[in-house]
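Paired with chain B in one complex and with chain C in the other, chain A is shared by the two complexes that follow.
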Partner chain A sequence: MKDLIKQGLRLGLVFGVVIIFLILFGLTTTLSDILGDFVNLDSNTRTGNSSGLMIIFAILSLWAGSRASAADRSKWKSALVSGAAASLVIGLFVAAFILLVGFLDSKEIAMRDYLAQLDHLSIQFLLFGRSLIPGVLMTFGIFFFFGILGALLAYWFEAKNAGEVIQKQVFILKEKVLDSKLVTQYKENPISKWIGYGILGIVVFLMPQFLGKYWNYAMGTVGIYVLMGLGLNIVVGLAGLLDLGYVAFFAIGAYTAGLLTAPAPIALQIGFWPVLILSVVFAAFAGIILGIPVLRMRGDYLAIVTLGFGEIIRVLIRSDMMSPYLGGPQGIRDIAGPSFFGLSINTEKAYLYLIILAILLTIVFTNSLQNSRVGRAWMAMREDETVAQAMGINTFYYKLMAFATGAAFAGLGGALFAARNQYTGPADHTLMVSINVLCLLIVGGMGSIPGVIIGAFVLKGLPEILRELELYRLLVFGALLVIMMIIRPEGIWPAPRRRMELHEKELEILPTDDSLVGKEG
Partner chain B sequence: MSILETRNVTKRFGGLSAVDNVTLQIPEGSIYAIIGPNGAGKTTLYNCITGFYPADEGDMLFNGQSLLGLSPDRITKLGISRTYQNIRLFPAMTALENILVGAHPQLKSNWVDAILRTPRQRAEEKKALEKAQDLLNFVGLKGKGDLLASGLPYGEQRRLEMARALANNPKIILLDEPTAGMNPNESVTMMRFIESLRDELKITILLIEHDMKVVMGISEFIYVLDFGQLIAKGTPGEIQKNPQVIESYLGRGAA
Partner chain C sequence: MSETKPKKSTGRINSFTIIQAIISVLFLAFLSWRLYNVINSGVYGPDTWVRFALSGLIIGSVYALIAIGYTLVYGILFMINFAHGEIMMIGAFSGYFVFEALKSVPVAATGLSFLDSYQIISVVLAFIVGMFMAALSGYFLERIAYRPLRGAPRLIPLISAIGASIFLQNAAQVMFGPKRRTYYNPMSLSRSQGWRIPIGGEEVILTYTGVLTFVLSIFLLIALYTLVMRTRYGRSMRAVAENKQTAALMGIDVDRIISNTFIISGALGGAAGVMWGIHNGIIYHYVGFIPGLKAFTAAVLGGIGNIPGAMVGGIFLGIVESLGPAVLGIDFQLKDVIAFSILVLVLIFRPSGIMGEVLSEEKV
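Our next item is the complex of A and B:
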């Protein structure tokens, strides 16, 4: 009994502190705004929209209660005890916190000066628009009630074996669907692969027609990240060269397109199509120029050098020294777009089609490269550079090729990005771009083309859907990456070989002795 | 005429001469062995021949051509393959892919061919795949081509490494303890396999080996290294009687 209470209290403490933190950086407010809009119960004013907050508090305490009851769910009494202990602590903690800020606020002490999220409106919101004491009591009540409810529900679930029952049902359903005539027929038919591709193609082709202007723009951004992801996938995923300055090549592509088509600062104003090719060529060339000195380095050292290179390019395009030639901090305006047989491409929809076309081309390219002598040489280098060289692979040449190919795709992405926005500037080419692209690879699945696309949607598309969460992007990013690394290190849609590699231990019958297959001593 | 020759090769690490003034001559179509206690410089000598360490002094000749200053990949392309003391496969690639990487110098298609999937490239890939499959069967790994190299049991990994070395169509193959970690039965199988390389594929073999049964059983001629120096050479019969060899293996007083 004592242990149960102790455990409940401890869990309650953790939850309580975390919830206060969430409140402090305003995530609860934002989430409840979204929820409130979603359920559309109240008016749109922040103070009136407290139903969202109640739901969030209720969900959090349900979760806490069920977690707390995990200590012993064999009897309803023990579940109740630990659940009650936990929810009591959470309730007291959060209520005390709200009491404190509410009290200070009523004394007209401006906490905003120190804690940006705690303005008067937010505090009113935390009190559900009520006065101090009823608001605080209500908070406590919600936590206490739902915490105990969570514990009891968890007990009930366990008692009824509900988790297993549901799992079984899902499994049966899955088997049924997989064994059904339609699915087996589809699987066995060789044409079905092409039918699948065809349907996918039609969906992709029709998608821009039905999306609005805003969504076409957002999807275009996702598409450009897909392009860059495919490029970096060659460098990092295939050849195993950790490049943290990938944005440099994106910048070179964007600035090539900008400088050669815009009226200022260099009034060349060449047409878009030749410039697009030039952007790709210049970016690839930059990849080679950078690659020659740095590709002798391995691993971490390469990462640091490329990181520096990315920053050098950004600082250079921002600098006053180069501003007569590169436009300086203001960037380049009025970048010309392409026209196609006299049809000028200037809508978001048209650009989305152009980007989709570029992605398709890139996919075909990477796919062919991956399954060739070149792709195998890259993979061998990633696995063991020394042995790869002993196999007759000119590692320096192949590293350069990987670097240049990746850079070329980034250059293509950059040129399209600049032309679509009709503008490019230093702010478009920060370190965050490199990190975003690397993250989408990790989340989607290193070395896998569908993984890159899904990763780009998750990391660039989801934030567009959850625009309110914009402020917390980095937080969500970090959390997502940590969670991914724990539960699914191979990514959402991994390359088959990577899945095999990471889950090998589960499949393996004979253990391989690490001391025997380890590196040469 | 000797296919591989080292002339007074010396390799120093700091003040230590890991390989000291070593001269070997390996005739074509033979099985030669290098033996010596741990740390005698056998693997270092391999690393010098294959270009991973630049030799400080001396020269190495392959079919009369000097290997000095050539990078490891160039040396491999000449027809010198090797295996490693601790198996070094590409773990996250399949067995077949490992062999195809080994065949890299034999293939000609470049990135333009790859992107455009030219008929030349497709024909070459098809042939390479068939050959890789043949090699896989030759080393007794039939049907295991699509398994990850790291998923194979130890003995099969050794044989896969051999297949990978053979994919280069080598004229000479340098084996580094090919029977390490094997039981006597497996060792005998490996011996027969090594002999078949010479007899069927006409490949010259140089091997480093600790297992005296294997060394005495298959090699025609033996070089003995100790502290980087060549202390003896001769046929298995001669080596077994050589007092210096016995001393370096068993210590002073035993001789």
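Our next item is the complex of A and C:
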């Protein structure tokens, strides 16, 4: 009994603190606004109708209650006790917090200067538009009631074996679908693969026609990230070299394209196509130049050096010293676009086609590279460098090759990016770009091409859909990276080999010596 | 942290060492030529040089304090605690809120705010709160983002650390707003006041904030060194750094030592944050990132895992960074380029750092 209460209290504490932080981030109000829009509750911060917020609070406390009851669900009493303890703590915590905030607000102390999300309107919203005491009591009530309800529901599910029943049903359904005639036929038919590709191709080909200007632009950005992701995939995913300064090559590509085609600061104004090739070549060359000294290092040192290199490039391109040659903080304007057999490419749609074409070429290229002798050498190096060396692989040469190939794709992406925007400046080449590309690799699944595409959509496409959450995009990224590393380090759609590698330990019966401490020197 | 003496490498002379020697000679020659030119041309008087050196020392001592955090964690877990700069930012914000809160409390006896009436108490309070909050965040950072990943391949905790760093930065931005804030110091710690030292006919101001920063960080560094090298607790820390399994067999609670390492490095980072706020005056959510990176550079420079190395590296980096642009005759905007170039060069030519041990390949 004591243990149950203790566990409930601890869980309640965690949930309470997390909920208070959610309120401080303003996520509760934003989410309830989205929910209000979604189910047409007419509930948002402007109208002051906070039924959406109530639902969010209720869901949170249901979750907390069911989690708390996980301690012992064999008897309804024990589920009730731990659930009640947890929901009591959560209710007290959140209610006390709202009481404090509401009190300060009623004294007309402007907390907004210090805590940006707590303006008068959202505090009123948190109090459900009521005055201080009833609002706080209501908050407490919601958390307490729904927390206990959650615990009891969890007990009930457990008692009815509902979880297992549902799982079984889903499993049976899955088997049925997989074994059905249509699917088996499809699976066994050698042409079906090509039919699938064909359908995908048609969808991709027609997509730009049906999307509006804005979406074409957004998808173009996603496409450029896919391109860069495919490039970084070679460096990080295949060769296992963590490169945090990937943006440097992107910048080199963009600035090559910009400087050689724009009228200022250097009026060369060469046509787009030769410049595209030049920017790829320059970026690859920069990759080799950086790679020669740097690639002797391993692991995290390499990461930091490349990160430093990226920062050097960024500081250089925005410095006053280089501004006569590179345009300084203003960047380069009027970058020329390409023309295709007399057809000038200047709309978002045309650029999207161009980017899709580039992606297709890249996919074909990386795919064949991956399955070639070179790709196998990279993977061998990633698994164990010493063994790879012993097998006669010139690791330095192959590392350099991976670095240069990855850089070349970044250069391509940069050139396309600069041409599409007709502008490039230091603000386009921050560290965040490197981190975004790395994130999409990790989220999608390292070393896998479909993973890269999914990752780019999740990281660059989803935020376009959820525009209200723009403020929280990076916040969620950061949390996502940590959670991903803990729960599913191999990504959404991993390469099979990498999944095996990361779950190696689960297959072993005895824990190895390394499992306690990691690698020792 | 290990105390093994650096071994003399007795390898063959290969092309790499020759190139290394040639490049360093050329670089030194270039440097002395530039220095000769700059001093001869008289662009900067002696007072300016002193000013640069002083600001370098002060900022370097802050770097040293942050660098210790990297070194401690690296020494024990062999991971780069990428979010350490953000811990410093949390400390800076905590100190800022303490000052703001105390500013708004009036004291009837003096007719001034609490902040200006009891200045020493206020500053001490800011440091205590800043260090406490930063230590707390360090503890939770380890519990949430790193502990579940112990034993995973080395890239995984690094990525998790990058994630934590992004999360903390943006959490601060969302919570406190993106605007830059000015530290409101107590009266006698005003940033323009200080001792005036006449040098070469000009006056150089040695600010009180600078002296506070330097003295306090040196004090903290010595305290930490004593803790690690002279106490029983420090011995168990070193034991864990040397070999976790053996340490566990000797009855040391490895998990607790690791937690406490994060707490200690967090507290030092928090103190650095408050110092940064008091001395530099401006804080925002991104404030910890660049100093964090530089402090990491400093830790690498001094030999990562080596405590005196991090101190020396930090102060060295601070001085190089503030003197470097003047010596090389380039823009002061480019001082970050100098810092990162040093990082790259050190990692290429001497990955074990100035004072570092020769790390085995596994550790590097």
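Quick note on the criterion: the second predicted complex is superposed on the first by the 490 of 521 C-alpha atoms of A that agree within 3 Å, B and C clash if a C-alpha of one lies under 4 Å from a C-alpha of the other, contacts with A are read in each partner's own complex, and residues count from 1 in each chain.
As a working rule, a contact is a pair of C-beta atoms (placed from the backbone, for glycine too) under 8 Å apart; a residue touches a chain by one contact, two chains touch by 3 or more.
Keep in mind the model is a prediction, meaning the values are calculated, not measured.
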In the three-chain superposition, say which chain, chain B or chain C, touches more residues of chain A. C
Is A:Glu188 contacted by the first partner chain B, the second partner chain C, both or neither? neither
In the overlay, answer first, second, both or neither for which of chain B and chain C A:Glu383 touches. first
By the touch definition at the top of the document, which applies to A:Phe365: first (chain B), second (chain C), both, or neither? first
Going by the contact rule set out at the top, does A:Asp179 touch chain B (first), chain C (second), both, or neither? neither
Could you say whether A:Glu108 touches chain B, chain C, both of them, or neither, answering first, second, both or neither? neither
Share the list of chain A residues that count as touching for chain B in one structure and for chain C in the other. 501, 513, 516-521
Could you please specify the touching residues of chain B with respect to chain A in the complex? 43, 50, 52, 71-73, 76-77, 82, 84-88, 90-94, 97, 100-102, 104-105, 107, 109-111, 113-117, 121, 125, 148, 150-151, 153-154, 157, 164, 168, 181
With touch defined as at the start, can you tell me which chain C residues reach chain A in the complex? 77-80, 97, 100, 144-145, 148-160, 162-171, 174-178, 243-245, 248, 254, 293, 296-297, 300, 330-331, 333-334, 336-337, 340-341, 343-344, 347-348, 351, 359-364
Spell out the residues on chain A that touch chain C in their complex, using ranges where they run on. 21, 24-26, 114-117, 240, 242, 244, 293-294, 296-301, 303-305, 307-309, 311-312, 315-316, 319-321, 435, 438, 442, 471-472, 474-475, 477-482, 484-486, 489, 501-502, 505, 513-521
Interface residues, chain A side, partner chain B - complex: 365, 368-369, 372-377, 379-380, 382-384, 386-395, 401, 405, 497-498, 500-501, 504, 507-508, 510, 512-513, 516-521
